[in-house]
Amino acid sequence: MTTWLPTLITQTPQEGYELAVKLSRMTIKITQPDAEARERMRPEYAEDADSLISVSQVVATHFATVAAANGYWTSKS
Amino acid sequence: MTTWLPTLITQTPQEGYELAVKLSRMTIKITQPDAEARERMRPEYAEDADSLISVSQVVATHFATVAAANGYWTSKS
Amino acid sequence: MTTWLPTLITQTPQEGYELAVKLSRMTIKITQPDAEARERMRPEYAEDADSLISVSQVVATHFATVAAANGYWTSKS
Amino acid sequence: MTTWLPTLITQTPQEGYELAVKLSRMTIKITQPDAEARERMRPEYAEDADSLISVSQVVATHFATVAAANGYWTSKS
Amino acid sequence: MTTWLPTLITQTPQEGYELAVKLSRMTIKITQPDAEARERMRPEYAEDADSLISVSQVVATHFATVAAANGYWTSKS
Amino acid sequence: MTTWLPTLITQTPQEGYELAVKLSRMTIKITQPDAEARERMRPEYAEDADSLISVSQVVATHFATVAAANGYWTSKS
């Protein structure tokens, strides 16, 4: 596998949030490597409120890690 | 995408809570960019107790991050 | 919105727990502002073991934040 | 309400775990104050593997807080 | 109840993980003390992917606590 | 059981993420030691969006621990 996660450091909180989204999705790629299977499941969660809330929970957990890694970006505030 | 998260720092705990709500909702916007699809799902979770509890869980997770970023707002208490 | 969260600091762990309960409920008020709709849902979760356990999970997450904000109330013990 | 949580400090990790169990149950008492209603729900979760796993998750979250409050009881080890 | 949790300190990360598994199971023993009832439920979760994932979540939460208690075992690495 | 977790320290964030995936899977191996039973369950979660999201949540929780253990790999950035 090529490098997809060189660092947890980002320039801004928003880029940190985007990294959290990426970290959330990567488990799904690793667990279900078949891109077509993943594509078939997309409507299953993108049209389902509870699935979207669950995705938000995963992103929130990763964002906590990324924010801590960046010292909450407070040196810039 | 325009800047929607310039900082995690807020003046008060209550503004920190409001930021946590915003952080929770943003994943849903990113995962389901179609505003009409999101609107169709609204009754699905706004009228369902378990969905609302799940939303609360996501907000609680983000609030932990925002609170830590702000040193729990203790220098002001 | 009026001020409902002026501080995370409480005098005792028990008051901190009560604040965690309040923090858990506030997301539901924000997401479903209609008081009647919330009242209609009450039996849906107050009589359902799994819903009550989920509420406990949200409170546990907020209590972790409130406890950290208060230094675990250890200077008073 | 009488005092049920005077401190998060316990003598041993095991007492800390028991406190985490108590913290988990207290939300249910606050959210569903009717003791008979709670008793009716007992078989619903005590005989259901998924409910028991969910209860374990709540206890795990509270145990993290209690353990941190006690400095992980390491000064005694 | 006899002593089952004398310390959170373990010699290695792997023993810490085993302790996290034990901490996860103990709530179930406390909440459902009937060993036969627990045995009846075993196929319900051991053959169900979602139940096993939920168990993994509980273990992950306890492992975070045990790892922090042990300073992440970094002085030995 | 042979040694499968000698350390939480990894060279890069990406290796830390891979370790988090391993930590997530290990509970399932311990709880359901029968390899054939695990194999039967694979389609149950690998083709189900909600199961994959739940797996992501477990990985996110372990990744937080591994990242903290490694000081967020910041000395190398």
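Going in written order, the chains are labelled A, B, C, D, E and F, and every chain counts its residues from 1.
We adopt the following convention: a residue touches a chain if its C-beta (ideal position, glycine included) is under 8 Å from a C-beta of that chain, and two chains touch if they have at least 3 such contacts.
It should be emphasised that the depicted structure is a prediction, and the values quoted were computed from it without experimental measurement.
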item: Third chains touching both chain F and chain A; value: none
item: Common touching chains of chain F and chain B; value: A
item: Angular offset of chain D relative to chain F [C-alpha, multiple of 5 degrees]; value: 120
item: Of all other chains, the one whose Cα centre sits farthest from chain B; value: E
item: Chain copies touching (chain B, chain C) - same or different residues, decided at half shared; value: different
item: Chain D-chain E separation of Cα centroids, rounded to whole Å; value: 15
item: Centre-to-centre distance between chain F and chain C (centres being mean Cα positions), rounded to whole Å; value: 31
item: Whole-Å gap separating chain A and chain C, where each centre is the average of the chain's CA atoms; value: 27
item: Interface hub residues of chain E, defined as touching at least two other chains; value: 45, 50, 54-55, 57, 61, 64, 68
item: Contact graph of the chains (line, ring, star, complete, other); value: ring
item: Residues on chain D engaged by chain E in the complex (per definition of touch); value: 12-14, 17, 21, 45-50, 52-57, 59-61, 63-64, 67-68, 72-74, 76-77
item: Chain E residues within the chain D interface of the complex; value: 1, 3-9, 23-28, 30-32, 37, 41-42, 44-45, 50-51, 54-55, 57-58, 61-62, 64-65, 68-69
